Structure formats: structure tokens, C-alpha cells
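Below you'll find a set of structures to go through.
In what comes next, chain A is part of two complexes: it sits with chain B in the first one and with chain C in the second one.
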Partner chain A sequence: MNPKKTLLVSHAPFWHDGGGIPERSYHTLLAALPAACAGIAFYGAPALGVICLSISTAILWELLMNRIMRRPITVGDGNAALVGLLLAMLLPASAPWWVVVLGTFLAIVIGMQIFGGIGGNPFNPVVLGTAILSVAYGRHLDFDAGLVNFTFTAFASSTDPISALKAFGPEAVSHLRYLDLFLGKQVGGIGSTCGAAIVLGGIYLIFRGFIRWEISIAFLASVYLSAALFNMADPTRFAPPLFHLVTGYTLIGAFFLATENSSSPVNLFPMLIYGALGGVLTVLIRNIGAYTDGVLFAILVINLTNPLVDKIRPRAIGKAA
Partner chain B sequence: MTSKKQLLFAYGLAIHLLLVAIICYAAFPVTAPAEPVRIMYQTTAGKVLFDHATHAGATGYSLSCFDCHHHPMGDQNAMTSCSECHPAAVEEGEQPLTCLNCHNGKDIRDTPILSRTDALHKGCTDCHAEFEKGPVMDANSCSRCHVI
Partner chain C sequence: MRKRSFFGLSKPCFRYELATGTTVSPVVIPVPEKVTLYIKTPYQKTSAVLKPGRSVKTGERLVLHEADPCSVISSVTGTICDISPFLADFGNAWTAVTIRTDKNEMADTAFSKAAEQPSLDTLNRFFPSCPGEPDFSALADDRHPVHTLVIYGGNADLLIDTGLYVLKTHIDAINAGIQILRNATGIRNIAIAVPRESVQNYSGHLDAQVQPFGSAYPQAQPLMILHALTGRLPDETGTAAMGIHFFRAEAVAAIGRAFADGRLPVEKNVTVIDKTGKKHLAIARIGTPVGALLKAFGITVDNQDRIIFGGPMTGNAIYSEDLPIGPDTDAILVQAKSDIALYSDYPCINCGDCIRVCPAHVPVNLLVRFLEAGQYTDGAELYDLYSCIECGLCSYVCPSRIPIFQYIKLAKYELGRISFAEEMNEP
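Entry: the complex of A and B
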């Protein structure tokens, strides 16, 4: 006599890593923490405030939705906390409290709960929330406008490199050293600038099997290749490929955003196509699009293609046609 | 399914972090320092970022405060916002009331006063032209200050 519940199948993701959702969430949280700490170390209390507010309101929004929709309380699985942390890492340290609260509302409620909670979301909730914020309240997500009261004497430039590139061309950012940018010496989001810490967390997640290297590597390789093509075509208008890898949301996008389980594919070819498409779109938007950083919109678009590319799968053995 | 322990952990996280967040936002608000670091002008012609600290700082262009804060010359009272005396919109022959803090209205009646935008444009670009560095007032240079 089995209890009825064991026969129920829940939403995607269906890929078994030997652990449960809580394990995945808390390990991802842990992996993201070094990059977030780099932001706190640099921006101090304001950054800590944004991160704490974001995590806690994300949990509270999910709890509220669970209650309203009379569904089992899911905040224990840690996914809401993870969404909160990642969202905070994309915001400037100057984000006002209501932007943070609105952001977690958009991510948790609009991005996830109305689709039935974890596993049902067609878009990465963090990306959806941040993208809506950046379209609706661009000034508060604009690093140059938001961070005017911070001094950046440790950095080679006191403006956001990716915005400077957009506004003034590659000449204006040619004095920046890639290693410095990779080590986080640049203006940007609380947890999105320190590439070294992000890559470290990403590698940890890949080795533990929580994210798939295929997506991250395909994303980064395709950012590199498409930026290289642009750069070869006209180096006076388009920045070198390495610059695109170490600025903006590229690295956090490759390791923490594009790899979100329920909005990304699971088979080898689909994963490669998905990641590569994201990279190409990122560079297209950055180089010839209207927005300064393409990562958010690129990821939303590849989230859309996910059900489609996921149809490319091995044929079942013994099945004709 | 999550265990009771995990649920309690999440509740604890939410409450404690909320407290820390409230303390951070209440006790350490991001306020503008008395002497600005950078100023972002949101204009109808795009945003303009003026790096005040770099223009005035010894590690930057080492300009004198009075190169820009020009009235009254050599007086600490001049370290105010330009819009105190150059209002956003000026009528021909009119002057802002702030003049009367220091002057008798009759003495200064004939002094024409620039609007805020004109004062900034002229103030910024005259100096750039003088140094032959930085954006000047020609059709190719607008976008070196203005970012759409």
C-alpha cells in the first residue's frame, strides 16, 4: 500500500543530482556568497542592507503567497533566499528599500509563484525581476547615477565600464586592465563585479553537479567569439572580447543566472545552443542595441527558447520515426 | 518536502536579516557629502555626469575651487550650488532673490544673470577651451558630456 502521493509527478526540473531542492539552494547560496561579500567589503553597510532586505523580503513574499494560495509552505527549501541573494547582487549598493522590496515581489510573485512556484517558472525569476526594475526604474539601477556619492579611489575609473563603453566607445575604457576588472576593481552591482569570486563559486557548483558546465561555457565562449568578430570588424567602435567577459553581468549571468534549473534545458545539444544563443544576444545588445548591458534581456530570450530547444533530444530506442 | 528544521531556519533567516536590513538602512543611509563626489544631471538631453572630486582634487585636475565657484571671489560663501544664483529659468532682467542676501537690490539691477543650463554650459566649456582639454561647445562634443 503506497500512499497516493508517491505516484504524483511534479514539475520540471527532472534531472537527478542525488540531493533535494534545499541542498541545491543552500549550496548555490554558499557559492554566491564570496562575490556578495566582496560587494559588502567594498560598499559597506548600504550593500549589507540591500542584501539582507532582499533575502528576507524574498522569503516573506513566498511565505505570503503560500498562505494566500493555500499551498504547502515552501520557504524551507531555500530557493526564495537564493532568489533574494542573487537579486541583491545585481543591484547597486545605493538601491532604495522600496526598489529592493518591489524587486523581490516581481521575482518571487510575478516570476515564480503565479506559475506555481519553483520548477514552474518559464523565466529565471531573478532576471525577470531585475529586467522589469531596470526598464521601469532605470535611474535606480543605473550604477553611475546611483553611486554618485561613493568614492572609487581604488579603481582606475569611477564610472561603470560597460556604460562608459556604450556612451564613449572603446577608447574611453582602453586604460582599464582586464585583471583589475576581473578582480572586482570596477563600478557595478553589489555582487556582480568581482569576477574571480563568481568564477570560484561557479566552479564549485559545476564540480558538485548543481549547475551544468555546458551552459556556462557555451555562454562565455559565445560572448567571446561574437565580441571578437565585432572587434575584428571595427576595433574603433567595438571593445575587445575580453572586456565583455569581465564587465557587466557576463560572469554572474553565465554561472548563476543562465543556469537556473527550470528555465534551462537538460540535454547536451540544447544546453550548448541555449548558452551560445545567450552569448550572441548579449553581445548584439551591447554592441548595437539600445541597452548598455544585454545579459538580462539575452537570458530572458533564451529562457523563452528553452521549451523549443529542449525538444532536441535522443530518440527513444526501439521507437520508429 | 522540507523538514521542520529547514522551515525554522528560513523563518529565522527572514527575521534576522530583516532586522539587520532595517538597521543598515536607518543608521547608514547613503547621504550626499557636503562637498560632492560626482553629480549626475538628468536633463532632457540625456544625463551628464560631472566628476566634482576629480576636477577639484589634487589627484585629479587640481583646479581651484574659485575657478568655478566664482561669486563672491575668494569667499567661502561661494561654495554653494550654482542654481542659488543661476535659477533653472530666468526672465529677461530678473534676478533671483538670493542676491538680496548680500546686495542692495539697486546696486545690481543691471547685472544680467545666466540661467542654470547656460551658466553650466558656459562655465564648463569655457574652461575646457582654455585648457584645450575636455569637451567644448561644438557639435561634435555634446555627446562627450551628454549620454542618452
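Entry: the complex of A and C
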């Protein structure tokens, strides 16, 4: 027998389904691409610039942190690229370069790496980064101010519909057709306006099992129901529910942000509660809160509730009652 | 390597091998030049009884010292050529006895004298190392009286045919074995676990309560059957504290055959699964080196392949082709290097795949965080460690490729050690 022949030894099970973190990240990137491409189509080269800068700096921040903390290099797993792409999709095409670089720093370093990297973050890093930016540098994230020099011939309104709603009430946005809004003909973030593309990517992720459908569906159903209740109570002050579904960050929040693995629950009822809570908070902030769009803060708050709600779980078998 | 379903929403679904498949007659492996047997007690240099150069007969009981309870039955006739220490799983120290075989087979007569009067003492003396590896020490333990015997008639893992083959072909021997067990132990309550598809073949024909199980993995895992029988699962004190004791059907068949023939069975049924998934059924002497079996079926093992005792979900990887098959080796599975998925050191990303797939509703995502940190007691008390039925599905689906199953087994072993030590210290 050849003495050099060694056998591999490990613990059972000896089969694996072949799935992995890179696979999940790259498929989520793939699912987000249509919406990002729609943004490039609407906003042109500046949008492409923001996306490229965001993805590349996100990867660089992660590489830097890996080096500083002397951890294995994890940029290859695609998670940093995904964070970069999603962050760019929330920003306006007019975002200055330093806002993008700061945003990816906040997302990757403050949002994720200081908690130990992937799997350790209590908040969705993309949402945390964007929320800090929108509080600290609101002017640069204001879609109306930022995109004032863009011309939108295809759009029915050249202002952000959700800011118009906040400032002038439902009457000001009543001329907008939901289908146009759903197809992305509205002013907003690079990748967050084209609902059709986002839903397409979301359905792909759900069928591939990369996101948990319970969260997305609960979130959307809850946005619809709570907005419908507000609308029924006073149609002159509160917009109809469908308007809330197709504007702002609602769809990207439901399919790409609230479903982030580490900061969301995994059991059935907690997922439903988590999603529903996010939807209710979104509509509350939009309708009676101080901020224009509630999705970011709603997701941060439900991220906080995640460890608590996830305690609701089925009884394991074989335990004495 | 297996592939994840494109539609990731669907759970992985495995089925055990069925007894209804075509019956192939097993290939009898010729007696090898050397066999290695294990006595499950630490090696002592001063053994007066067992020395290299001593000749042994087939079926002879080998002990290091006359009074030792640990013994092994020689599966061949020949001369002892080596006695050495052996380090088994979880750091257990055993003694390996290597015997160079002789062409002329001679049978030892000690058992045929004892076989006239089946008693627990006879069983405990001659059977612990017979095919199926029955454990009688729990029956002799006064602190935890056993009230139910469960005869396990399933295949312990995927791809394996051994369990059901024995059940199908040795049903008379099993029935005889049940009688002997009942008379020797005085335990009235005997159940036999068989696949649901073939219950009609056994109910009424067997002198035991028939406990059916489904064919979907992991319904036939021994812990799953225990749960189906009692609604409970063992904690750190083990199954003994529940008063239930398991025997493999092969062991019961061996007992039945031995008392009928007056001769101890020394051959083990083994399913050999090659790299392409093709299966062969073999009958080999206990102690035959794995290499001899693989050679018989023309299976070549290359550098960095993997050889596994048992099935793909719960087996044990071994490190050498020279290791012998033991009385509990139901299957040998060979994996090519290209089919092996390596574990990684990624942390849990909380994707929830394990939660969806776990048949026992264990909060695996939380449990693994405690086990990784070595906090076994918290894992057991807060996060249902002892509800785990040890099927390995969580590790199968984990995208972070965490060896979850290994953590669970290690935690159970460590807690079991603590519990055992505490029990020993009690006045």
C-alpha cells in the first residue's frame, strides 16, 4: 500500500446540500440587479457611478477591517458587495461621493464588522448606514433637492411622491397612476422606485429559499391594512393603501431589507409578528410621524425586537410537559 | 456532492432503503490473513492469559484477565500475533488483538456447554461482541431497572440495506432470540420496530409488540423510535434511566442462531457502498480489515478519499483501510475526494434553514451559539439539546457549513461524563 495515501476524516453528516454563503449573496445580488438597472436607465451615468462607488468601497472597507482585525479575508463571499449594492439602491443618483463612502463605512464597519462580521449584526447594516446618513446629512438624501437638475420627461411628477404627500396631502398625489409608480416612473432612490423589478427579484429569492417569504408577505400585508385603516378614517389626510405600497422604500424594504438574515427572526410566528410590526410602524411614521418615509426606522425598530419575538417557538419534542 | 433543490422552499427529503427491493444474495468474503478484534478495556502489559503466540479457536472468548468482564469472541482460528493499545472514539482506550489466521478452522466448545441453559449471565459472557453488538450491562444495572426491550429492525441510516436484510432473511432466528431474551431477562415487554410498509409481514408472526415507523428520514432513527414509543427523549443520564433498552435485530438473530446451533456467530452482514453509490451486500468475519472488503468489490481508494463506517448522515469516518469491521459496522461507504463538502469556520448567519428542516423543533440557530462557546449546560437547559434526535439534517443544510451535529454529539458526551461522575460520587 502506498504509505502516502491519507484519508479525509470528519464528523457526520458526510453529505451536504452544496449551499453556501457566497451562493446566497450572489443570488441576492442577481435578484437586486433588475431594480438597479432600472435605476441606471432612469437616472443615467450618475446612478451607475453611485452604484460602482458604493459596491467597491463596501468591499474595500470590509477588506480593511479584515486586515485590521486579523481575521480571514471574507470579501469573496459577496456579502460586502451586496451591502454596497443595496445601499446604493437606497441613495439618490445625485449623492456626492463622500456620502457614498461614508454610507458604506457606516454600513460595513459600524453596522457589521464591529459586531464580528456576517451573522453578528443586530441591525440590518444597509438600513443602519442609510438611516444615519438621512439623519446626519438629510439634505443630500432629499430626492427633490438632489435631483432638481435632472429632467424626467417620462414621469407624471418631477418630485418625490412621498414627500409631496407629506407636505401637501393626498390631493397633491391623486393624479399619479399606481401602475406608473409601480413601473418606476417616480422620483426616488436609484434602485428603490421600480417596484416591478424589485418584486421580480423578491419572488426569485422566495422561490429559491434565500429569503423567508413570511417576513415579506407580513410586511406588505400589514402596510396595506394599516394604511387602509388610516385612509378609511380620513381620506382627505391619509393616502390610499396602494399608494403606500408602491412609493418610498416599501417594496425594497419588504423583500431586501427586512429579510436580512442576521437581524430577523426564523420561527413562523415571530416572522409574521416581525413583518407585521414593520408594516404598521412604516405607516405610522409616514402618516403621523415626523419623517417622510418610515421604512428605515421601522426596520431598525423591528431589528431590535428580533431577539425577543424569536423566543416564541414550537416546543421541542421529547420534553416533559 | 448532493445538490440543493433549485426551489429552496422545499425541504430536503430522503427515504430509507426499503426491504421490498430485489434481494441480492450477499457475497461471502473469504477469511482474511489477519483479523483485528477489540477488547473494550485499556491495554495492560501484564496480561497472563493473552500473549502473542497463543493459538485461539473460532468462537473462543478472549479476556485480558480471567475476572475481566470485558471480552471479545475470536472470529477465526489462528495465532495471536500482536496485542496493542487502541484509541477509540471520544478518547476511549481499548486493546487491539491481532490474530494471524490458520487454514484449519476449529470451533471452541465453551459456548456449546453454556448454551444448554440460556441465562443473562451466559448472554453477558458470550454475546457483547457478537454481530449487532448487544449491550447487556444495562440489564444488570440495579439502579435503573429496564422494563422494555426494543428490537431495532430498521436501517440505521440512508443507503444501508443491512438491517432490513437481516430482518427479512433471519426472521425465525429473531423469533427464537426474542424467546431467549424474554426467558433470560424476565422482561415481558418486548417491542420490535419495523418499517410501516412491511408491518403485515411481521405482526402476528413475531412474539413482540410491533412498532411501525415511516420510511422518510429520520423516522427510523433510534431516538425517533424511542420518542414514538414513549413521547420522551433521554437526558444526560441516557436511555437506561428511562427503563428502555435497544437491541439491533441482527444481535437478536445472532442470539437465536447461536442457541439453536450451539455455536457463536462470528460473521457480520455489511452493506458496501462504492463511490458511485452502487451497493453490495457482504458477509465477513468480524475483524476483517476494510481493505479486504473493498478489494473484494474492486473499489479503489485514492488519496484524500473518505471511508465511512455507517451511513452518510450518522456514520463515522475512519482513517485507515487497515481498520477492521466491528460487530456494529452495518455499512462501509466510500466517498471520492470530489464529493466531499468541507466544513468552514463561518459563524451562523441565522438563515433559519436548520429550523425549517429540524424534525424535533430544536432551536438549532440558538443552540449552536451556546455549543460553540462550550456552554453545554445552558444549551441543554434553555435550548433543547436533549430533544435532538441526531439525524444530522441541520449540518446537511447549513450554508455556513458549521459542524452542528459534531457540536451536539460533543455536548451530549461532555454532559454525560459530568452526570456519570456525579452519579459515581453519590454515597
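Simple rule for what comes next: the second predicted complex is superposed on the first by the 301 of 321 C-alpha atoms of A that agree within 3 Å, B and C clash if a C-alpha of one lies under 4 Å from a C-alpha of the other, contacts with A are read in each partner's own complex, and residues count from 1 in each chain.
The rule we apply is simple: a residue touches a chain if its C-beta (ideal position, glycine included) is under 8 Å from a C-beta of that chain, and two chains touch if they have at least 3 such contacts.
Keep in mind it's a predicted model, so treat the numbers as computed, not measured.
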item: Chain B versus chain C as contact partner of A:Arg208, first or second or both or neither; value: second
item: Partner chain in contact with A:Leu53 - chain B first, chain C second, else both or neither; value: first
item: Contacts of A:Pro34 with chain B and chain C, given as first, second, both or neither; value: neither
item: Partner chain(s) touched by A:Gly78 [first = chain B, second = chain C, both, neither]; value: first
item: Which superposed partner A:Ala167 touches (first chain B, second chain C, both, neither); value: first
item: First (chain B), second (chain C), both or neither touched by A:Gly289; value: neither
item: Which superposed partner A:Pro122 touches (first chain B, second chain C, both, neither); value: neither
item: Contacts of A:Val266 with chain B and chain C, given as first, second, both or neither; value: second
item: On chain A, positions contacted by chain B and by chain C; value: 21, 72, 77
item: Of all residues in chain A, those that touch chain C in their complex; value: 1-2, 4-21, 23-24, 72, 77, 116-120, 206-210, 212-213, 261-262, 264, 266-267, 313-320
item: Residue ranges of chain B touching chain A (in the complex, touch as defined); value: 1-3, 6-7, 9-11, 13-18, 20-25, 27-33, 36-40, 42, 47, 49, 51, 53-54, 59, 143-144, 147
item: Interface residues, chain C side, partner chain A - complex; value: 1-4, 6-10, 12, 227, 231-233, 291, 301-308, 310, 312-321, 333, 335, 337, 340-353, 355, 359-363, 365, 384, 386-387, 389, 392-393, 395-401, 403, 405-406, 409
item: Complex contact set, residues of chain A against chain B; value: 21-22, 44-46, 48-50, 52-53, 55-57, 59-60, 63, 72-78, 80-81, 93-94, 97, 139, 142, 144-145, 148-151, 153, 158-159, 163, 167-168
